[in-house]
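First chain written, first letter: the chains are A, B, C and D, and each begins at residue 1.
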Amino acid sequence: MMIIMKTGATQEEIDNIVARVKSNKLNAHLITGEERTVIGVVGDGRPVEQGQFVRMPGVDQVTPISRPYKLASREFHPKNTIIQLNGLEIGSDQIFVIGGPCAVESRSQLLDAAVKIKEAGGHALRGGAFKPRTSPYSFQGMGEEGLKILAEARELTGLPIITEATSPDLVPMISEYTDVIQIGARNMQNYALLQAVGKSNRPALLKRGMSATINDFLMAAEYILSKGNPNVMLCERGIRTFETATRNTTDINAIPVLKSLTHLPVVLDPSHSTGHWEYVTSLARAGIAAGADGLIIEVHPNPIEALSDGAQSLKPKRFKELIEQVDAISKAIGRDLASIPTKAINSEIMQ
Amino acid sequence: MMIIMKTGATQEEIDNIVARVKSNKLNAHLITGEERTVIGVVGDGRPVEQGQFVRMPGVDQVTPISRPYKLASREFHPKNTIIQLNGLEIGSDQIFVIGGPCAVESRSQLLDAAVKIKEAGGHALRGGAFKPRTSPYSFQGMGEEGLKILAEARELTGLPIITEATSPDLVPMISEYTDVIQIGARNMQNYALLQAVGKSNRPALLKRGMSATINDFLMAAEYILSKGNPNVMLCERGIRTFETATRNTTDINAIPVLKSLTHLPVVLDPSHSTGHWEYVTSLARAGIAAGADGLIIEVHPNPIEALSDGAQSLKPKRFKELIEQVDAISKAIGRDLASIPTKAINSEIMQ
Amino acid sequence: MMIIMKTGATQEEIDNIVARVKSNKLNAHLITGEERTVIGVVGDGRPVEQGQFVRMPGVDQVTPISRPYKLASREFHPKNTIIQLNGLEIGSDQIFVIGGPCAVESRSQLLDAAVKIKEAGGHALRGGAFKPRTSPYSFQGMGEEGLKILAEARELTGLPIITEATSPDLVPMISEYTDVIQIGARNMQNYALLQAVGKSNRPALLKRGMSATINDFLMAAEYILSKGNPNVMLCERGIRTFETATRNTTDINAIPVLKSLTHLPVVLDPSHSTGHWEYVTSLARAGIAAGADGLIIEVHPNPIEALSDGAQSLKPKRFKELIEQVDAISKAIGRDLASIPTKAINSEIMQ
Amino acid sequence: MMIIMKTGATQEEIDNIVARVKSNKLNAHLITGEERTVIGVVGDGRPVEQGQFVRMPGVDQVTPISRPYKLASREFHPKNTIIQLNGLEIGSDQIFVIGGPCAVESRSQLLDAAVKIKEAGGHALRGGAFKPRTSPYSFQGMGEEGLKILAEARELTGLPIITEATSPDLVPMISEYTDVIQIGARNMQNYALLQAVGKSNRPALLKRGMSATINDFLMAAEYILSKGNPNVMLCERGIRTFETATRNTTDINAIPVLKSLTHLPVVLDPSHSTGHWEYVTSLARAGIAAGADGLIIEVHPNPIEALSDGAQSLKPKRFKELIEQVDAISKAIGRDLASIPTKAINSEIMQ
């Protein structure tokens, strides 16, 4: 850390800082500038509470030097993490596309969606059984019944499934059904949940909180990694800004920044990051062009009847077009769409 | 809701909307303007999914008319909610000040703090036993041991205590120790937690999420209220903006806006909303001048040794000055500080 | 406009609103909902001051229905505006790329840059002669001398040039030298400047202000259009948000949103929107994939010696790679790079 | 400045940085930490272009140490600047309140307003003659005719006047009429205008841009100061954030932060910072409680008829109440309202 003294800080004030640095068993390096003195603090890597220096007389500000995340950092782990998922390689050169409805609404709705996702060329199926809704009066999801339907859809199509956990006590049960556990934007700093997912044996798809900095986002991933789960995908889904023309502001910069700072796979959710189906395909193309490893897209067999997020859901036909366009973009940047699982539709289940 | 059609929407498009409105058992009122047609939708108060209209051909946008919260709304409950807490009236004309450290760090630290809070004129004691920390490597709190120390501090001073719950499964245990349950900013949309607190018999202090709109904030309160707990205080603690000179941006506007929209008591936390002890007293004065009912302030007997939030914690002496200044501001606006609980310090506990 | 009454507004309050609407020679349509009354106000298209209704007793809020821009709106002008510039078609299916240094620093620097931009396949040359700098102590540009060098660079390469006007009184002089007048982000609501550019006969490249909504942005374009200049390009260059990992946050959503709302060409500036050369090419690809018509890129023959924006400037070699990648993306979405002006380098000027 | 190297930067990369630092005639101090090397750069106070280092191999980031403003800084000028204005001391212990309409709309409107401002106890009169409006179709102000009316109102009441300049070429003319020149939020980084006001002999009231950081704000003040005008008041008027419940978000933190960083007087504009008359008085109280030196308030004799900003304008009667409440707050913090100019109303002018 760097302790920047005020212009005009006295020698005694500087001496006091140095003494306190030493009492923490750290080393102090003084740089005497034309205007200010800066004290560089060097230690053995243990975290040091900055607050103790901020309030000492003569101090202007304290700036950290080290990044607070280690396990998530590309500096310490230069090679890409590749997550294996039913033959799909997440984080490799292959581009993957997850599709599915916001929520599991019924068996027929989900199985219908699953078949269409598969036929369109999607690589995995999403669908929420436990829904975090802004209003207590909105549809809150089908619960475990929804998980069973998701498992049935996997049986039917061979597509791996992804669904959200909203509370730490649900993680063991959800892990039994799902292939990937999603942590929603509102829960990105629900540390009890992050720790529970860190102890599970399922890959996690961690959505960025709507006011989380990239640093906060990587610290949330660090929570999961630090509990022993190395398989974390980071999902940009838009941040909250002053602009109201779209539901959120897609932080497209975050894609190359994350690819530079971390070895974890990066996914874009253009459905939530725009909030309107008309913009989803443009953003899906942009996300892959910017360097994302995959996409997660809301698709509903009949969006107009959706119980949630109907405005941002694609119809299956448009989802197919999206995949074709994403394929073209992937090739233009020297990557390729992952091949889809070969399992045929198990038509017995549909009956 | 109002459905605003595009300029140039066809009669057929308008007819389709009207038909769909009617199929929802709602009434449609057409307003034909110089540029656009607007369709007002009127029903019986049941929530209607907007998404179904947003994506219909010819629609430009859909605007809700009703506010989505009911129990929290002053329109439906004009009189102030007053929460009774050991003789303290929260939400009445009395101004109250909660003080205490960010975290319970040890028995001696907390009992020392409690006595000094009491001597300075504080009305309640805060202290975290379960700490949501950005880094998995930071001090995470003393857990139940910390709750026991808090209860002891109440025994010692007579001050009611307030502490944070970070997970729904902790709520029953925390309820046994604490007088008020705090829900932190990062958990404002942790709906499982909100529901658990809604089922407890303890008043809640709900902190605003750092990117929550006032509407989101009131919807989070609605979750608690809808589960049967009528005693919710709303705490403004700063929002995240582009400004980095302070830790957060105090949304001081939110104070009169909340007092106008809701009957629930409103509290300001100037410690988190500024992040620096030098600004806390100015903001405490401003919060009361703007119309807040109370304050929650970080106070540490020795901030330089604090394990967290040292930079924004006041020393007890400055906390006493803050209370004196807040007293003067209260009187200037025709209100008064609440009187402090009369119980003498139980000096046996200190030994 | 829609006037939304409070729940519990009295009949007298409603009558007063209706009377005031009529006194403005407008029509009032009442919609009586389950909770509230809404009054739709319909007129002949003249702007009406909303403030008069906001403060009347019983009013909850007032919502505009019409969009405030007309000349910029695709609703009134469905066909794309195509700007002709020395054989380049801006806003057509062709993709164009403007390159050049932040500032004209010397004759040799700019002519060197110009030749390299041309050789790399750039379509136009940028360079500032009047620089709006945050600090009064920074390099403020070469002034008219810089404009002369720009004109010489055009002579040398055949590339059209673009340079910024920072004050209305400079517009006539700058118009004599430049092909396109740039209005910088800080001046997006400098209405005297917008009007001066609106009266000039040069196309304008209007940069979005760093806290301008898309609506504000289109209103700024409307100022230029309303003074008679139909040739306006809109340039997204990043907005200010809480995220500090990049200089600004590229609002990539704005690209498809603008293409939907307006007929004007849309350009992305990934140099300013990221602030770091390492991210510029990724974002250039993303911008074209999202639907932008062109790019403006900072390129410096020797960025390490640049007097401004060195961190975000590309070397000519990387600019060439960027153009190759943008070419591939353009083809993937069924568009094409514009062909470059055929004029050979006029080597006499270089001596 | 501090140059922070990447973990794993090579010795050669470090040597190259050091060589470049020396070639700038600066000194380099190396701090070798457990993870990274930091290079402290010390010079003689001349500004150094950071961009040259940001892009060198092995560099992670570059952090400035010095503040970029000097003349505005309290570090270099510890004593408060006090601006003398017709016997009013701005920046002293006295609190002052400016009132008046958004725009001069007619002679009778302004003279009526002026008399009522005076009678209510206001210290100065505001009113715009050149209005920067978001829409080119809105009322743009009365121009020089409005300035003449303002001068007449000063003659009538003895109140000093304040009005906005929107373009550098207007500054000489406006200076002849007004006592204080206002620079609006949209023009905070209109450097040509700042320089023109810096050369005038009138005090300036500089409004913070809606997305300006406190650092940007002080740099804008530095522009004016650097041209020789020492009399600058800083006006907080709300920043743009995600919250839409109010027109802007009052950055109340900015008040104590500015008082700590600069010697210039600080003013709050609660009319623009809230956008709604109902919240203005609460915020006026809060601003003074937080430490502001004065207020600027929109007051209109008949807000419902105002041509702009009617929703946020106070009626004269409420303005009088505001002043009484601000008086009580001022006394509670040991300050006092300035006494009003003693000149009697010159009733001949009214006829």
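Throughout what follows, a residue touches a chain if its C-beta (ideal position, glycine included) is under 8 Å from a C-beta of that chain, and two chains touch if they have at least 3 such contacts.
Every value quoted in this text rests on a predicted model; they were computed, and no experiment measured them.
Undergrad: Centre-to-centre on C-alpha atoms, which chain is most distant from chain A?
TA: D
Undergrad: Which pair wins on C-beta contacts, B-C or A-C?
TA: Result of the comparison of B-C and A-C: A-C.
Undergrad: Where the centres are mean C-alpha positions, what is the separation of chain A from chain B, in Å?
TA: So the centre of chain A lies 27 Å away from the centre of chain B.
Undergrad: Please compute the C-alpha centroid of chain B, do the same for chain C, then give the distance between them in whole Å.
TA: Spacing between the chain centres: roughly 40 Å.
Undergrad: Between chain A and chain C, what's the gap in Å when you average each chain's C-alpha atoms?
TA: 31
Undergrad: Note the residues in chain C that touch 2 or more other chains, in rising order.
TA: Within chain C, the residues that touch at least two other chains are 211, 240-242, 244.
Undergrad: Show which residues of chain A lie in contact with chain B when the two form their complex.
TA: 47, 49-52, 54-56, 68, 132-138, 166-169, 186-187, 189-192, 195, 209-211, 216, 219, 222-223, 226-227, 240, 276-277, 303-313
Undergrad: Show me the residue ranges of chain A that touch chain C in the complex, using the header's touch definition.
TA: 211, 213-215, 239, 241-246, 249-257, 260, 273-274, 278-279, 282-283, 285-291, 325, 328-329, 331-333
Undergrad: Within their complex, state which residues of chain C touch chain B.
TA: It is residues 2, 4, 6-8, 29, 31-36, 38, 40, 42-45, 63, 65-66, 75-76, 240-242, 244 of chain C that touch chain B.
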